């Protein structure tokens, strides 16, 4: 029989999220699964409401892209009581909920931050480097984790130093604004050696700010950011950005496979299906990646 | 009257100067200016430049508030206008993109005005509808993506310069002059103030209060559209998800800091602009200060309260009032 | 009685909406959906009750969403990090909220500042303070929490009337009694009619203002506690934008934003109507993020327009009150 | 002159009270003495400082200097509530109570009967109905106060104060919107209270009422005390001289018909004009240079007639013509465009725009008529404002003062100026002399006459029959929302109008309250 899966998506706060949604749809269509997507507009309470209404509708499985890590126990317990398997997408939840979901298809955002940090440590090769950091939305778990991962690398490399860190709310406009003020505060940008941004969108804005200040991003100031959205590859191709860490938008594909196997044959998937956090630089033919990613709905 | 206006704006001007002085204190190079690619460059310019969207919004908002209304949809209208401009710019050129975006702003304003003036829905709910749906419309246009463009004349609106003055600042000042000319050069200003002061009495004095209300919402929509175009031009792309998000609150704040009462009546365009600058000077100062971002909101809350307390007519006599423990 | 006709109309609108949903989705009309409506909107119902008092008194409280967020973080940290017994933590946070609301009320009254702005600063302050405490989401594992979240009255048909739904209904009932049957309630209406006149009639306007904002903040704190039951966690970004949801609920419930009229029962209906819209969209399940927003806006408009039309018909059918100018 | 020389009976003593608003010295070293059991008139021109004196005594305004003694003990109430607690109950001039609350709540706000903290609604209503019955008012006290006429609202305010007054009752122009019958009832209540030893302060511009009920009189002028006299010893002419500081030119109460004006052509005509539930269809022709008075009891439909004529209500039957051409009056805007003007009865809510200056209030209608694109220059505005401030003697003569800070009478003059500035062909005045002092009253009536001589058509509503009779060329009598009679020429006198109002017998006050 055909499967109906309810997907409680966070929202569409970024291009990456939009891409995840559209990739999920096409992956479901490929497998002839009916995907009901409920958009939570970035609110946990809406996600809980959506899950409860999926239970009320009696779907076959529930996908959850949790906006935060805590606070899911009660509602997931309800799903369990109703015998509906739950799969987490792109983020994990607190350990207390381990029993309540079938599997989690996620990347590790602490790891992503660490990958970015290690690239910078390698690029500097022991030279002293003042880093400025563009954080994501204050309080967002991705922001907290990507900071944590990066900081762990900085702690191990005495030559790296985060001199300024401010939130750019994951957006281009704020990324640009914050970078502008970093440049002013750091002597016209002369004392900055690298920028680390929690996502590519902020970096795209920061690159504009550097250019307008007469600096050469990618050369005067190195850049490393996370997500691997198409526009950053354009910048890498133009030599204006140096590195990005990929967060794949295809979380639903592996999740659907797991669910279908579980429903058909009762195969219990591993508790964590980790997606790769791949690092891209100018060495990876950025133009080609840009072309391949363009159509994905970023 | 001349004297009155000056004394009316005094508190705001002082607040702006104090905040600029604080900015200087956290960032010694705050007042440094230099030319960079034919364009003035420095933190002070950033304040004007980054403040442009909120300043434009507050130009429209101040008129709406003067009629006792409020417009929560301006952020969403910004997103719509930006999305339209960005999606049309490369294919159809700047004039078409600009006209379409401004036209959309006008329509949005007309819709809000229709709900408020004709259907008699309370302004805050009436505009809440567009605040919710409008961002959806903007995302529909961009399909959730960030739509980028390269059309140089549109990009110029964000990054270009007129005689060294960044284009957004020039647009901002131009709009102030135009709005001032329209509102104070005609009888509109007086009739708006009358409508906001007492709509029933104004109607009985022969003022077409509905037309007034419709007009201010349309103007507010236009200003918001312009702000949206500038925000898009600034990042050379339309970010429908985030453009103008929560800016309606900043715009309302700017208007109130500018001394216009939320209960309508008297308004001042210039002081609303000053209010927007106060907010941006504060934001820029926060960014320059190097404090962790967790403190941003606390600083903002404190500054807002202090600025408004200073303006409160009761502040001077506060000691006496508190002393007497008035009920 | 005061406010009854609009409430009756709102109730009819809700019933009509529910019937339409049922017509489209047969398993909509189940006790599960109905009970979910109450549980999922429990915290909203509680804040909106407080907001009703504020709005009827002619004010507004934008800080409630942040106060909920602050409360969840405070409670979570107190219980998990400091090992405070839950009930003690609850008492402490409610006291803190009371002080916070009282401070806002006092500033509004003593300095004669617009509530919109004072509570906006309160919103920044509370959200900023919760960032300072913790930016991470903290799970709460206290046994009380699982006891409460496991408790539910089972309804025939699979519905569960949960503890938090019951708390909400109790708050609404108590709020209605307070508003409609006490001196305090009458004074709230009086303030909304006219502050100046109320003062001249010998009502202590200042202490009333303080108490009204205190009530709103305490209920927001209670909603925060309920929210922490709902999610069993404390998170600094929870309940962002809830102030607008609750204002919309109050206004949809027939309370005038200008003050002086309204009811708690209407507010509950307003909350349920909003919940209905969301449930409908979730049942549909085909809407993209943007269509969700657009459809929410359209449905909001449809409800308000329907209500406005029915009110218009009701007032036309009734006896015309001489000398009342429509405005 | 110093009444406090008889200290045993002084109930409320005010000594050296001063109060300034910015540079304006509203009260300067005012003394005032109220004895127990007396009814004391507080008189003066518009803006003399009567209301300010009252509000300063009750603590609504903080005072600059001076002391107040109540029953020998010094009191300094800091709020209206404190004054009530001290035993001083007040009906303030501008108070309209809370229109959104029920009549009963308005009467008992803050002191509702309660049980276990809950308001005993039924008990409160019973008491409210009883209290109002003393004023011969029999209405449903559960209805919102806003559903009733201004008169009912005023009686409610008075009833509340009377019910609260322990020692002193202050009434600031309570009779401005009451008709004779209601005034009679009020006076009876005041006398009863005085007999109980309560001191009553009574502010009014009706000198007849002063002589009818007051024991003593205190006169203020420009914020200063002019004198305090026994009513019996103060001739009317002398009183007026004290108030105005000059003689009053001519008296107002004689019929001007001596000088028969020849009515001009019809400038506006209404045929079968009416609206269901508002006013029954009527025929009305307005001629240039003619004053038509509308007479009737409260609630008889006079205001509605005015609003229909002005387009503030849309007629659902009949037709209107202006200068012979058929017109549609869908809104006040249409009416203004055809040269109509309308001074509404509720000055505060429908007339003034409190935040705007006197200048802006004066030019408003003219500007609305000219349209958006033809703004009056600042100089033109000032010219117009100054001209009318002089013409109508608006005080203080400052065009840049917010109108909300003017005294009630002066606000009324500004509204008149607003319409005169538009050079209208038809002016509708609803209670134009309400709350206006004797001097200004005479001026307004003189103005009405002059305006007619200049060819203006006037439709005037007034509850003062004397006044209507004085200037009307025709009087239309209304009852129960229908035009029932019309008097013309020699037939116009007070007794004839009264007879017409009461034509079907005992309609009387009950008709107004139905």
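So that you can tell them apart, the chains are marked A, B, C and D in the order they are listed, and the count of residues begins at 1 in each.
Heads up, the rule we're going with is that contacts are C-beta pairs under 8 Å (C-beta built on N, C-alpha and C of every residue); 3 or more make two chains touch, one makes a residue touch a chain.
In UniProt terms the chains read B = ABC transporter permease; C = Sugar ABC transporter permease YjfF; D = Sugar ABC transporter ATP-binding protein.
Not measured: the values here are computed from a predicted model.
Looking at CA centres, what chain is most distant from subunit D?
Computed centres place A farthest from subunit D.
State, to the nearest whole Å, the distance from the C-alpha centre of subunit A to the C-alpha centre of subunit D.
Each chain's C-alpha centroid was found; their separation is 71 Å.
If you average the CA atoms of subunit C and of subunit D, how far apart do the two points sit, in angstrom?
44
Between subunit A and subunit B, what distance separates the C-alpha centroids? Give it in angstrom.
Roughly 33 Å separates the two chain centres.
Measuring centre to centre with CA averages, how many angstrom lie between subunit B and subunit C?
Taking the mean C-alpha position of each chain, the two centres sit 29 Å apart.
At least two partner chains per residue is the criterion; list those residues in subunit B.
Residues 139, 143-144, 200, 203-204, 293-294, 296, 326-327 of subunit B each touch two or more of the other chains.
By the touch rule stated above, which residues of subunit D touch at least two different other chains?
79, 81, 312, 350
Which residues of subunit C are in contact with two or more other chains?
Expected reply: 131, 135, 204, 288-290, 292-293, 325.
Got a list of which chains touch which?
A-B, A-C, B-C, B-D, C-D
Over in the complex, which subunit C residues touch subunit B? Could you list them?
Listed in rising order, the residues of subunit C that touch subunit B are 107, 110-114, 116-118, 120-125, 127-129, 131-132, 135, 204-207, 244, 247-248, 251-252, 256-258, 288-298, 300-301, 304-305, 308, 325-327.
Would you pull the subunit A residues touching subunit B in the complex into a rising list?
Subunit A reaches subunit B through residues 12-15, 17-18, 21-22, 135, 138, 164-167, 169-174, 176-178, 180-182, 184-185, 187, 201, 204-205, 208, 212-214, 231, 297-298.
So in the complex, which bits of subunit A are touching subunit C?
Residue list for subunit A touching subunit C: 6, 9, 11-12, 18, 21, 36-39, 41-46, 48-50, 52-58, 68-74, 94, 96, 137-141, 144.
Across the complex, what residues on subunit B touch subunit D?
1, 4, 185-188, 190-191, 193-194, 197-198, 200-208, 265-266, 324, 326-327
Which subunit B residues qualify as touching subunit A in the complex?
27, 29-30, 36-37, 39, 41-43, 46, 50, 139, 143-146, 148, 159, 231, 234-237, 239, 241-243, 284, 287-288, 290, 292-294, 296
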